[in-house]
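Please find the structures below.
Okay, so subunit A shows up in both of these, paired with subunit B first and subunit C after.
Here is the complex of A and B:
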């Protein structure tokens, strides 16, 4: 493996980690509510702005601003669930009866609303978030990386691991998984499905906002900054298997590495097409994704 | 008899007054000028805001001075989001519903290319404020006038600068738009003529992307002598930061040259910091440039209105509106045909110099060819454009002795 290949692999894995932070939340929402949240990218955007403005305008230390961005995203997620999502499933116990076309319209509307709200209130100008460390270049063998990017990657690994552990072993995580498997069954077993949905939206919003905050020194927050990562997340969720968290993580890392190598060895112009080509191949030959289950409803 | 006459005279006077009413009202009606700009993403809202400010400053100056032949200028603004389909619809709406006498303000090439098709169909004057693509001029539409900059001009300027820097290998990072790709090609064409020995290539980057490292990493092993930025914010800022973090440019080996006029954006330094130090800039405005008195007036009015330093788009936008007002005055009409004829005969000293329109074919058609430009270098982080090193005055060669280069 040459120096450039190591560089590309490291860059691809780091990019994949950031994709994963976004995609996990989207996957969780799909798992429990069977809807695609089209405003997911705007949670990311809100996180990037929250971190940047809290740190720069209020002078709050970056290590405090970072978790605060998570809190802002989680609060937005909770608010979205309570005000916009609950009518979707209130009174229904079966997925088949839920008004999922409503979710498409309302989340798409929320996305446009948030983009334009930020554009008008904060302004159209881009804001670069303060880095967690000022070191602009760190040499690790053949890899040259900014201190912030390296640290952000480490934090992303920790957050992904904690999230996966919480979902697998915590009390609320088990309830979320139960609702995800069978909403009616979970409800009959005494699980508050509405509360589980609210927790998932909070976690999803918090993770997306955290990803935006972590990357704000790299991506420079602007009103439409979340559009592109959201599109990647939709692809990843399908590749990993709708609703599967491990699938989302593996698909994120794989997509990051494929894009990184493909851009150099195939064509940079088509870098963003690689994910779409994979998506089409999966839909043709393995529509359930990497870890999804085949399902059929009559 | 005398009473009858008095009544008749009074009646005639009243009738005449009644007949005059519509004429008086018409004379007082504002002159509507259509404006298409980007006010929301994904286009450049920063540019749109600067153009809007410039047009409003110019409109206020015209109206405060009594308007055009007693009629006020009224701007009717439409948001295109920088999207061709929205631009097309906006121009259609402005012409058919708002009945504007001319269209101006456009600052993005893809949107302008769509908008001029509609203006051409309705034969309504279209003053292109800041869309640089040569393709707009090459259409040869008699309704479209270009007092702003154009790709061939930047191409020639960039090629000349590369030659004077002694570069052997040059790479452009161009955004995937008509503007970016057109400009990258224009630089290539100019280099073939001016400095055929320079090895040149360009890489097209997606303006919506946030990660350009796969395009940058291969440069570390063998960096070019100069990298030319042909992207707009925020993608341009992200690319610059990543080029800097990878130690590629600005560096002792590689110059960073900006062909997109980034340095006077109000958010420039907040977004790039160290990555902007040492950048050479193709500039359409510099406070140390010689300017006509109107330019000074517009700059002061803009600073009073926005508290910001003047910028190139302000002047380009103001000139666009001044040219329309000047053409209406000379044509003594707002009829499209008369206006187009008057615009074609323009000889007007605006904010940047004396503007005339060439009739040569190709990129020169209806173009003000002598748009003044300078080259300057940012030598400190957070440096104002006015404090930067002016290394080339309009029409003068680059003064290499004024250049600063990083130690490594």
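Here is the complex of A and C:
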């Protein structure tokens, strides 16, 4: 492994960490409601704007703006769940047939709405978020990395670890997993499934917004900035097994590395296509993903 | 929370046929009105707007057949328009194939690609189907945008025109739309229409009842794709330019909003809504550019509260008026 390979691997893993922040939330939503949230990228976009505007326009220190971006994303997630997701499980048994279609339409519509609303209200111009630290490139052996990116990666690791621990061991985390496994069973055991869904959406929106905030100095917030990260997270949840959090984390890191090497050794122009091809192959031949359990709904 | 009625499903053959016939007649009446519009609209710009509306009406009708009637929620309708446009565009640009022949080739090629995609995604449903078709759409668009040596990428490929007069184009698109409308009506009125709706309502039950699910699902994909490819090919020669932008996800979003606002699974709703949405969006563009915000909000509101769309609302109003 030459120096450039080490550099590619490390930078790919770091990219994967940011993917994981997005994908965990998407995977949790799939777990609990069995839907894909097509507006997930817009939580990311809103986070990037929230951080940038709070820090620049209000002059709030970046260390305060960062958690605030999480709060904004969580609020948006909660609102989405309350207004649009409730019909998926509260009553409405009469149209169970078109349930999946309803979910695709409203989340797709919400995505278009948020992109265009931001485009009109804030404008189509890109905003560069303030970096957490003003250091130029740091050289660690063969690896070249900016100070902000290194710090952001560290924060991402911490947030991912905390989230994974909460889902694994906390009271609400256990309830969320119970609802994901069997909604009816969980509700019979006294779990408030509506509350569990709301918490998942808040966590999911918050994490995606946090990812957007962390990356805003690099990605330059613009209305459609969430589109590609969202597609990456779809790829990841499929690879990792829809609904599996450990699967999402591992698949995120894997995709980051694959893209990093693919862009250099295969084709830079088609770097975004590799993951999509993987996604299609997986859905066609192994829909349960790498770590998902095999099962079929009738 | 309980104001919604269940979707029109498991209707008897008789009822379904009458319903489709009413929708067909209303759609034909709408086409007749559209046919008279050039008498009043002399402005080339607004004629152009109406032509693009008809392009979207074909796409919306084609996607509605697949998603609304057969229940196969593909997110790639705009992609098939792009495939159709590039088929005739490349044939014309490199081999000088005349547009009319190119358009026929576009229908065949996009239909075949639709057939293959439909075949590949047979076992997938719901979110899995949506994700697979979405990735297919993005891969195709990336290929078109990055094969710069062949397609000239985002610069676009110049292709030959077909007609000189805008009014000529207007009636060509209208003719195409009407022909498709009649074809869809005949299809839906036949047993095939019932098979498709049976698959949408309950695939397992449909199979048990003897419906060849594999054949009809694949056929729905192929037909819908061929209709989209046809629209894309016509549009290519109208605009005299083919770009990867034809296959943008936002274009699919526009088609989806037309169908949802018009009423999924109704013959007339999506086609009429295509005109309303596109003409209104051009008008809103002049007033401040809020068109996409408005339509995206409408999609969410309609999906949430008025699942049968404008057509469903209109029918409910007619029923109330008759009772009064």
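One rule holds in what follows: the second predicted complex is superposed on the first by the 289 of 298 C-alpha atoms of A that agree within 3 Å, B and C clash if a C-alpha of one lies under 4 Å from a C-alpha of the other, contacts with A are read in each partner's own complex, and residues count from 1 in each chain.
Operating definition for what follows: a contact is a pair of C-beta atoms (placed from the backbone, for glycine too) under 8 Å apart; a residue touches a chain by one contact, two chains touch by 3 or more.
Just so we're clear, the structure is a prediction, and the values are computed from it rather than from any experiment.
Asker: Taking subunit A as the common reference for superposition, should the pair subunit B and subunit C be classed as clashing or as fitting?
Answerer: In the superposition, subunit B runs into subunit C.
Asker: Output check: A:11 vs subunit B and subunit C. Expected answer is one of first, second, both, neither. What do you get?
Answerer: first
Asker: Is A:116 touching anything from subunit B or subunit C once the two structures are fitted on A? First, second, both or neither.
Answerer: both
Asker: Looking at the overlay, does A:146 come into contact with subunit B only (first), subunit C only (second), both, or neither?
Answerer: In the superposed model, A:146 contacts subunit B only, not subunit C.
Asker: Return first, second, both or neither, reflecting whether A:280 touches subunit B, subunit C, both chains, or no partner chain.
Answerer: second
Asker: Just checking: does A:248 make contact with subunit B only, subunit C only, both, or neither of them? Give me first, second, both or neither.
Answerer: neither
Asker: Just checking: does A:223 make contact with subunit B only, subunit C only, both, or neither of them? Give me first, second, both or neither.
Answerer: Only subunit B is touched by A:223; subunit C is not.
Asker: Given the touch rule stated above, what does A:272 touch, subunit B (first), subunit C (second), both, or neither?
Answerer: A:272 sits against subunit B and subunit C alike.
Asker: When the two structures are overlaid on chain A, which partner does A:34 contact: first (subunit B), second (subunit C), both, or neither?
Answerer: The second partner, subunit C, only.
Asker: Mind working out whether A:85 is in touch with subunit B, subunit C, both or neither, as first, second, both or neither?
Answerer: neither
Asker: In the superposed model, which partner reaches more residues of subunit A, subunit B or subunit C?
Answerer: C
Asker: Once the complexes are superposed, what residues of subunit A are shared between the subunit B interface and the subunit C interface?
Answerer: Touching subunit B and subunit C on subunit A: residues 116, 119, 227, 269, 272.
Asker: Would you mind writing out the residues of subunit A in touch with subunit C in their complex?
Answerer: 30, 34-36, 38, 83-84, 87, 90-92, 94-95, 97-106, 108-110, 112-113, 116-117, 119-120, 227, 231, 234-235, 238, 242, 269-270, 272-273, 276-277, 279-280, 283-284, 287, 298
Asker: Please give the residue numbers of subunit A that touch subunit B in the complex, ascending.
Answerer: Per the touch definition, subunit A meets subunit B at residues 3-4, 7-8, 11, 15, 115-116, 119, 124-128, 136-137, 144-146, 149, 215, 218-220, 222-225, 227-229, 259-260, 263-264, 268-269, 271-272.
Asker: In the complex formed with subunit A, which residues of subunit C make contact?
Answerer: 1-2, 4-7, 9, 67, 71, 73, 75, 120-121, 124-128, 130-132, 134-136, 138-139, 142-143, 146, 200-202, 204, 249-250, 253, 256-257, 260, 264, 289-290, 292-293, 295-297, 299-300, 303-304, 307
Asker: What residues of subunit B sit close enough to touch subunit A in their complex?
Answerer: Against subunit A, subunit B makes touches at 40-42, 45-46, 48-49, 176, 203-206, 208-211, 213-215, 217-218, 220-221, 233-234, 237-238, 241-242, 244-247, 265-267, 270-274.
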